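Next come the structures, one after another.
Paired with chain B in one complex and with chain C in the other, chain A is shared by the two complexes that follow.
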Partner chain A sequence: MDQNNSLPPYAQGLASPQGAMTPGIPIFSPMMPYGTGLTPQPIQNTSSLSILEEQQRQQQQQQQQQQHQLFHSQTLTTAPLPGATPLYPSPLTPMTPITPATPASESSGIVPQLQNIVSTVNLGCKLDLKTIALRARNAEYNPKRFAAVIMRIREPRTTALIFSSGKMVCTGAKSEEQSRLAARKYARVVQKLGFPAKFLDFKIQNMVGSCDVKFPIRLEGLVLTHQQFSSYEPELFPGLIYRMIKPRIVLLIFVSGKVVLTGAKVRAEIYEAFENIYPILKGFRKTT
Partner chain B sequence: MAYQSYRNSTLGNSLQEINFRGSLNTYRFCHNAWTFVLNDVEFREVTELVKVDKVKIVACDGKNAGSNTTE
Partner chain C sequence: MNNTAASPMSTATSSSGRSTGKSVSFAAELQSMMFSLGDARRPLHETVVLVEDVVHTQLINLLQQAAEISQLRGARVISAEDLLFLMRKDKKKLRRLIKYLFIRDYKSKIVKGIDEDDLLEDKLSGSSNTNKRQKFAQDFLNSIDQTGELLAMFEDDEIDEVKQERMERAERQTRIMDSAQYAEFCESRQLSFSKKASKFRDWLDCSSMEIKPNVVAMEILAYLAYETVAQLVDLALLVRQDMVTKAGDPFSHAISATFIQYHNSAESTAACGVEAHSDAIQPCHIREAVRRYGRKIGPLSPFTSAYRRNGMAFLAC
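And then the complex of A and B:
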């Protein structure tokens, strides 16, 4: 590991030469803030989709990409941390001459699909839930059990919880735009019933995605090496619960290779988290 | 008296099991009463089959069976 002599001591044991990824070595250390700095991030991508597209394009262009040193977040600033000596003097020196964007190298090529989006919006006026339940279609209101009207629409297929304060929760949409559209439809329903409904502070609170790495995973091994982040109690739940720090996403990893990612506020976090976990999962692939 | 009028009603005459199947148009639950509107429903009894375009079902809990109106 000659090339890594200039690395700060805390990162030295973790860097690996080009193209090699040693499994079993704990790459995620709470002491390692941004990684080794071995592969700088010259360009900070703002759109998550463009990251993915670029990664896929690069994967096609280059067969041999440098194995990316895995740390929790790939979209980083290029500025070195205080106290850390950067490997490269200039922030724009890629290891390989071609890669302009995040050199994820061997990016998985798998895109997590969004399964559920939860959003909230404030209709800005007090509502009479009994009136809404009696006059709107597809509404349930059982104040003894729950203090909100549960309304559903078919397109986009979603469910809304409408509270008397005027606040509303919209769940079940498969994309951000659909969630917003559905929330607007509910607001229109309420408005048509005679309430002065507005559409204030629409915010996506949670996004859930899922995907399949297509190979079985050794969860026991994963929990041993990443115990700071993982919790695996097969008697309690068959999946390993991986709490990634950056981005702050919780992943449910199953033996079958299926992965569920949740806790995201934006789509990019889901994609980022998956790109972070994929090389780790590859390292714990079941060979039998 | 009440029992006789019950026996004369639709409900009183259908003592056997009835199955029905259709598509749900709308539903509502308020004041502890369910209101369903179904479309293209087939009411199936052992003896006969009745097809109907639209049916509204109003139902509530209780020992005494909920009211059941069709149109």
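And then the complex of A and C:
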């Protein structure tokens, strides 16, 4: 049942500094495709490089080697890894006018951490919620309040809403594999209770990431220059709500420098959105 | 709907009832609010007291008019529809209110998706209140819209000039601040009447009224109160700017006598002008702003009696 093999096998051995399960993914700028021959591949290998971009990137990487200890590419050889995209020339992706204009600058060196992943799966059979609530551990069911069983497991620490139609929502995981693993655990619990549960159409619906740019941001300036994307009503909410069009991500930007990114379906969108916004935020840095 | 005792300068009957001293006063919050809206770092206490009085009086009058409309409808509570109805004349302010409602819905939708506990809470409560407020406003305006111009506001994407000016002013103000000042500024910007809902309700003191506002109406009232303060600061800053006689300004000799009367006659205009820029807003600016706002300008204005006011000029609607 492994439809999406999310990680290439070699990458699981690499430790990432922040303790996340997957290695940090390096440089993401609007001009950059998702994979090069030098780094572990993320899930989507959709675009390929142009030779010009690759040369630029290599130059930049050499300049920044001392800054970005996060990038494991320095320890790997330059030979393309199995499953990597070859360096074929391809047409440059055009900069769409709706992307906020960013200078092609160095990357931030900050990787957003995933905080929450919401996924859904179809267990493929009708369920009797009362039976599940009575016999399963850590399950609550209050039909007057809500028509689903709320089940929790400790490892990975997640919560699931199980509906009588057989559909299930799983929230609280910190990575895609954890979410999938947790969903399978819930499915197994249901299976053990005697229902013919399957694991159909597992899909990640939303991913939330957060990070800290470590400098204060002048939100009044940002809302003025990026009016069509942002709204800032401090009486309502202390953060600025920035609706990025490409990728379609909503960012909550706070004065302290903390940024929350939500609305992603894949991890790469969060990284790309952050790399898009970082130069803009640097421009509105509040200096003393 | 004839409000004869509707001068904002005189203490209205409601506030004179508290002549022993207002038990609930928003003076401290208003001070921060005015700073965040463009006033100086420490607004004057007299100005704050005056602004509080003006806002309070206007809100009470607004509530009374809304109560009368409710009665016409035969409803038992003042709801948001009555307030929307009162605002129907001024399209720009109405559009700002609707945008505010929309942003409110949108923000709760996003914040819900972030925190998983919030997500569960929302599912448990079973309410689908995405876009609830905006939908509601749209439905109501649909029902009273005769010419279609109210509904056109929802699609309308014009730039709100007043809001634009406020944003630019805030941007200018914050550009020169340092981190500590800016942090304080941001905190002041987050103050609003809706955060202190219970205090706001006590301040309004609706206990003497037969028809009381419901929760949504209170939210809108809190927003209107904030808008009133913002409008007052906008207008007062404009008045203050006018007071400075600029060299080469052809109309400086034509400033009206009543205007100069408010001005402190002891000091010369130039000296006052210089310090007015760095000083806080004075009560005289506020009074002049309200006076100008309430004055009827039109072909028949010389012939209408100055002593009979036909209703208060609401700053917020």
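Here is the rule we go by: the second predicted complex is superposed on the first by the 183 of 288 C-alpha atoms of A that agree within 3 Å, B and C clash if a C-alpha of one lies under 4 Å from a C-alpha of the other, contacts with A are read in each partner's own complex, and residues count from 1 in each chain.
Criterion: a contact is a pair of C-beta atoms (placed from the backbone, for glycine too) under 8 Å apart; a residue touches a chain by one contact, two chains touch by 3 or more.
Bear in mind that the values here come from a model prediction, so they are computed numbers and not experimental data.
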item	value
Partner chain in contact with A:Leu193 - chain B first, chain C second, else both or neither	neither
First (chain B), second (chain C), both or neither touched by A:Glu140	first
Touching partner for A:Lys130 - first (chain B), second (chain C), both, neither	first
Partner chain in contact with A:Arg218 - chain B first, chain C second, else both or neither	second
Partner chain(s) touched by A:Val260 [first = chain B, second = chain C, both, neither]	second
Residues of chain A touched, compared between chain B and chain C (which is higher)	C
Touching partner for A:Ile110 - first (chain B), second (chain C), both, neither	neither
Overlap of the chain B and chain C footprints on chain A, listed as residue numbers	none
Footprint of chain B on chain A - complex, ascending	130, 133-134, 136-142
Chain C-touching residues of chain A, taken from the complex the two chains share	115-116, 118, 145-146, 148, 150, 159, 161, 171-172, 206, 208, 216, 218-221, 223-224, 231, 233-238, 241, 250, 252, 255, 260, 262-263, 286-288
Contact footprint of chain A on chain B as seen in their complex	26-30, 32
Residue ranges of chain C touching chain A (in the complex, touch as defined)	36, 100, 103-104, 106-107, 110-111, 113-116, 119-120, 123-124, 126, 167-168, 170-171, 173-175, 178-179, 182-183, 186, 189-192, 194-195, 226
